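You will see two complexes here that share subunit A, one where it goes with subunit B and one where it goes with subunit C.
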Partner chain A sequence: MTAITGRIRSVTAPVRAAFARVPRGVYSALGLAAAAIFPLLNVWGVVETAWLRVGVLSLLFVMLSLGLNIVMGETGLLNLGYIAFFAFGAYTTALLSSPKFELRWPFLAVVALSTVIAMIAGFVIGLPTLRLRGDYLAIVTLAFGEIVRLTIINLQDFTNGPNGITGIYPPRLASEGAIASLGDAAWAKWLTVDKPIEYYYLVLVCVVVVAILLSNLKNSRVGRAWNALREDELAAVSTGITAARAKMLSVVLSAGIAGFAGALYAYYSNVISPESFLFMQSVIVVCMVVLGGMGSIPGVILGAIVLQALPQMIREAAGAARSEFEVYRMLIFGVIIVVMVIFRPEGLLPDKLWRSESHEVDPRELEKTRQSLFDLEEGEKDLEV
Partner chain B sequence: MTATLELQGVSMSFGGLKAVDNLSFAVNENEIVSIIGPNGSGKTTTFNVISGLYEPDSGEILLKGESVAGLRPDQVHDKGISRTFQSLRLFSNMSVLENVLVGMHAVTDAGVLSSMLRLPSVRREEKAMREKAQEILGMFPGRFSGPRQQQPAYSLSYANRRRLEIARALASDPTLLMLDEPVAGMNPMESREVMEQIKVLRDRGHTILMIEHDMHVVEGVSDRVIAMDHGVKIAEGSYHDVANDPQVVEAYLGKRAAEATA
Partner chain C sequence: MSLDHIVTVTVGGLTVGMIYALIALGYTMVYGVLKFINFAHGEVFTIGGYTAAFTLLALGVNDAMSPIVMAGCILLALLAAVIAPMTVGFLIERIAYRPLRGRSRIIPLLSAIGVSIVMQQLIILVFGPTPVSMPALALGSASFSLGGIRIRVLAVVIIVVSALLMIGLTYLVRSTRIGKAMRATSQDMEAAEMMGIDTNKTIAFTFIVGSALAGIGGLLVVMYYGSLKYDAGFLYGLKAFTSAVLGGIGNIPGAVVGALVLGMTETYGVSLDLGFLAWFVLAGLVLGLYIQMVRVPGRRLQHIAEDRRTPEYEKSVKNVYRLAPYFAVKTLLAERTDALLSVSAEHAVRLMCGNAFLAASAAAMFVFGDVRIDTRWQPVIAFVVLMVILMFRPSGILGEAITEKV
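Right after this comes the complex of A and B.
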């Protein structure tokens, strides 16, 4: 195995070196530009509207992965019930903006409340569970996700149970009166978001804002405290980090982002039902984070796009064999994850410092590192151990 | 004058084993005190009790007259006690610089919202932190210069990891610095260098409590030495008094050796 990967590495080395010289900001700008231009392909008639829908869902999963990455990648806590927070956001929105209770709250108020409710859920589940570590935490969060889903199914009066809530109103970015007063102004129709392209840009803006806020946070005192807890909890608390508080903050924040994504999802899909919040969805978000690279913001964005868009592409390509493909979808996911864990456990676009402990080290690489460290110390007479 | 650190009759047992038994001692300001003793004599347990990792069964621990016994480790750190670990505990996947910045966590206060928005106050604080980190890393000339600060901590040599742990502990300007075997595993050259650095720290006004097995280092830097055996303090005083104490010799070398020196 080492021989094969070693050969692949030596062949790709110059290419990788060339890419490494390009500053990361350039990639972010290119990615953003691509995301912004993508819907225009539909306008110009290059791709079908179905692809815009794939785009919106991919962006929603990007947001979910960014949220899960806070607890999994930054703080090192495994959460297998993450989709429950997504459900909290989605149902809050559905109840406040649908014929169910004859309500139509303003968009911003609905999104804010959905986020806050998901955060409260995060706090409530975090309170008893954050004492647990590793596998135990994973099992309890898994159970939490299932409890939320089953509660939704059984809370008929509020949620319509398995039938779900239908007819969710499209978001209005300004009040009804304000939109009416604009009359026939060409852009006034943009204030009511109801076409796929409008949803796409709305979600894109939200995702970009979340990504920027989170990358600021990553390189701050708070983000470093999370990383320290992930690396060595004992050393972190001895360095003055209050573990319970920092972990709670990361759980609540990630829950809030899921709630935010849930609100956008409910608006977009128009109909929500418990089927959208299965355990499998939590697993898929975990896979997105792992595939992209835990702790790496560009990584999880890529992971979410690949795992959300790829199956859709294959489904389209499969044509008549579509239902056949559905059967094998999870199997393909499994294979992808196994292959990743063997060949590239740090993810597709890993955080620059992330070392994968399970990686086999190429002795030549190690010698090179050692040599470069030794060069740094030239002029110092004493030896390093 | 109140001592910087004072232990009064501290005891700590694990089941039937009394790891620390009625231990009392004091560390005065700007003093270097070393704790010596054979393996299993309760030195590291003493450190863990002081730094809040264990709660003492009985006794009082005072930092500048204020009790810190029974507080959580992060609270003890907030009061001004900073430590290193015998078995290195760096944040391996974080850079050298980040390790030191984490050390400043308790003395900085950027919150989650202001950090997300990168408010001017956060930027100022971050800049000040980075400058201070440079100053602290600069105390180890040539060890953490330039590109090496961006390298992950796991890539460092063993000796540099120990240095980085000291740097991280210093980052919060602690009232008391506790070093658990700072030269363990180092070669004689490196031990001597660390020894000089510890002296520099005292000259800068730090108060240090240290566990060390290397007697050259203990002799070289200690103002006072405390010897422990089976959780009990068996001797205290200058290095020479303690090193020639029959009980200490017995603890290390056995009864016959103690009789021979007596």
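Right after this comes the complex of A and C.
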């Protein structure tokens, strides 16, 4: 096994080296350019409008995965009810900007409030669990995700129960009066976001802002504190990191990003119902982070796009029935998680730190190699480890 | 609130609690040994229920059969409901957990959640997405009357069978060689290995035993409720884990106690009105206050007195001891009066918050005395219990029984 992978490595080494020489910024710029050009393909008639929808959803999932990555990748905690925070954002938006209560708050206020409410939810969840061992957070968020969905279904008067809230107004980036005063200026219609392409660019801008924010955060004091906590909590605490506070920050921040994404999702999809916030959705986001690479921002973006777009392609190609397809899709997602975690825990595009630590040498394995090295009578002559 | 209503509800709570206990034991044993949450355990339970129901369906069990044949069929179903989950539990451990041992904490958790998803989808693929239903048997709905109160035979069967299994498990863990190995492995895996214990085998055995218990739980559930859905394991697993935390994770009697408390809370919660339930909360509050204000300070003082056994000191302590409730009140008000009674300020605040929470909820429940909680909210009860226990007493009712090496 190791011999084979070693051989493959030696063959691919020059290619890797060539890629490694390209500065990182180039990849980001290429990716951004591709994302910006993608909807134009639709304008030029190369792809159907359905693909634009896939694009928007992929971007939303990119944002979700980036948010979950803070908790999972950077801090090393597991949040299994992440979609609940997404639901908080989506429902806040739906209630404040729909015919349900005859409200139409301005876009920025709604988004800000959605984010804040999701953060408060994160705080409430984190409060009892973060002082304890890390895995309690996993089970509490797991339960929380389910409880939020049940509550949404049960609070009929407030959320319309299983029917969901319909007719969410499209976001207006400026006040109504301001838009009217601009008259027929060509760009004025862009201030009311109601076409798929406009949504696409709105979400793209938000995702880019979040990604830049997070990559800066990753290299900051806070980010290093998170990584230290992930590696060794005791050591981190003894260097003066307040564990509970740093963890709380990561949980709350990631909840806020989910709330933000939820607000955008509610605006985009126009209709939201509890169906969109199943436990499976949380697992999908977890799977995206694991596939792409925990702790690696480019990796997570890649994971989200691959796992959101690929199933769509396969579905188009196979034309399978929806429910049938769903079963296989989830099966594959589960298998991806297990296989990745066992064979390549650092993900497809690993973060440097994760790569070095996730292949840490098992003491027993080390003992074996040592024996094969020193036990000349039994061991073969190869010293290649 | 009539007596027979209370008896019925209590029996219902015991039944549900026993089933939670059977599943919770698997969680708590695995947690004790490996220190991680086996998310796939709920699915193991579902597999037990499904195999049992399908065995009974395949055997064509019906009421026309003679009792002996039927008993044989049920035994066969039991066997199936033990063997299938055991195999699955063993395989999961072998394939998905063992290669990850010693990796950083989040990795095995992720693997567990992946396995859980895979198994759920496999259940749908193999058995279909519709819930499996038991053949309608007279045994399923049979009941007897006890002083005018009707009790289902199956409820009694569940309680008795679970109790027997738990006694068996206690014997296994306390008094057999393999049980000793399990305890040793859970205390310190490396040291256990040095003592010649095959920890791999012991861990596999732990998984097998836990899975078998969950499988029997599945059989009992499917017989009691008549049907089982493919995702039932999710909620049952969640509640069972809550029970394990409630009783103190890693603690085998704790899991049973926690499960019974949770089962009772759930059943009482949705079947009695709030005004009645408020008395329970009040009783809890009084008990808590007694422990915090009299028992704990008293015991602490006793320890100190035993430490420095001079007559004068004992006498002075005796005086303090009389004042213990007073000091405790001061401690509860977060005024640390005396090093003798010092609880950390944070702890005192937490205790105080717990008491305030209980008092406030009791008051609120008295105010809304005639309201009843809708059954739809039942899962929320378990969640609230979990949050409250983690908030105020994370080590559970009977205390944790896990040792963590730093």
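The rule is simple: the second predicted complex is superposed on the first by the 335 of 385 C-alpha atoms of A that agree within 3 Å, B and C clash if a C-alpha of one lies under 4 Å from a C-alpha of the other, contacts with A are read in each partner's own complex, and residues count from 1 in each chain.
Going forward, a contact is a pair of C-beta atoms (placed from the backbone, for glycine too) under 8 Å apart; a residue touches a chain by one contact, two chains touch by 3 or more.
Keep in mind that this is a model prediction, so the values were computed, not measured.
More residues of subunit A lie in touch with C than with the remaining chain of the pair subunit B and subunit C. In the superposition on chain A, no contact is made by A:65 with either subunit B or subunit C.
After overlaying the two complexes on the shared chain, residue contacts for A:213 are found with subunit B alone; subunit C is out of touch.
In the superposition on chain A, A:234 makes contact with both subunit B and subunit C. By the touch criterion defined above, A:115 reaches neither subunit B nor subunit C.
Residue contacts after overlaying the shared chain place A:249 against subunit B, while subunit C stays out of touching range.
Once the two complexes are laid over each other on the shared chain, residue contacts for A:222 go to subunit B alone; subunit C is not touched. Once both structures are placed on chain A, subunit A residues 231, 234 are touched by subunit B and, in the other complex, by subunit C.
Here subunit B touches subunit A in the complex through residues 51-53, 72-74, 77-78, 82-83, 85, 89-95, 98, 101-112, 115-118, 122, 125-126, 129, 142, 145-148, 152, 154-155, 157-160, 168-169, 172, 185-187, 189-190, 193, going by the rule given at the top. Within the complex, the subunit A residues that touch subunit B are 213-214, 216-217, 220-225, 227-228, 231-232, 234-243, 249, 253, 353-355, 369, 373, 376-377, 379-380, 382-385.
In the complex of the two chains, the subunit C residues touching subunit A come out as 36-37, 39, 96, 99-100, 102-107, 109-111, 113-122, 124-125, 129, 234-235, 238, 241-242, 245, 374, 376-377, 379-380, 382-383, 386-387, 390-391, 394, 406. Against subunit C, in their complex, subunit A makes its touches with residues 72, 76-78, 80, 127-129, 131-132, 134-136, 138-140, 142-144, 146-147, 150-151, 153-154, 230-231, 234, 279-280, 283, 286-287, 290, 294, 323, 327-328, 330-331, 333-338, 341-342, 345, 357-358, 360, 362-363.
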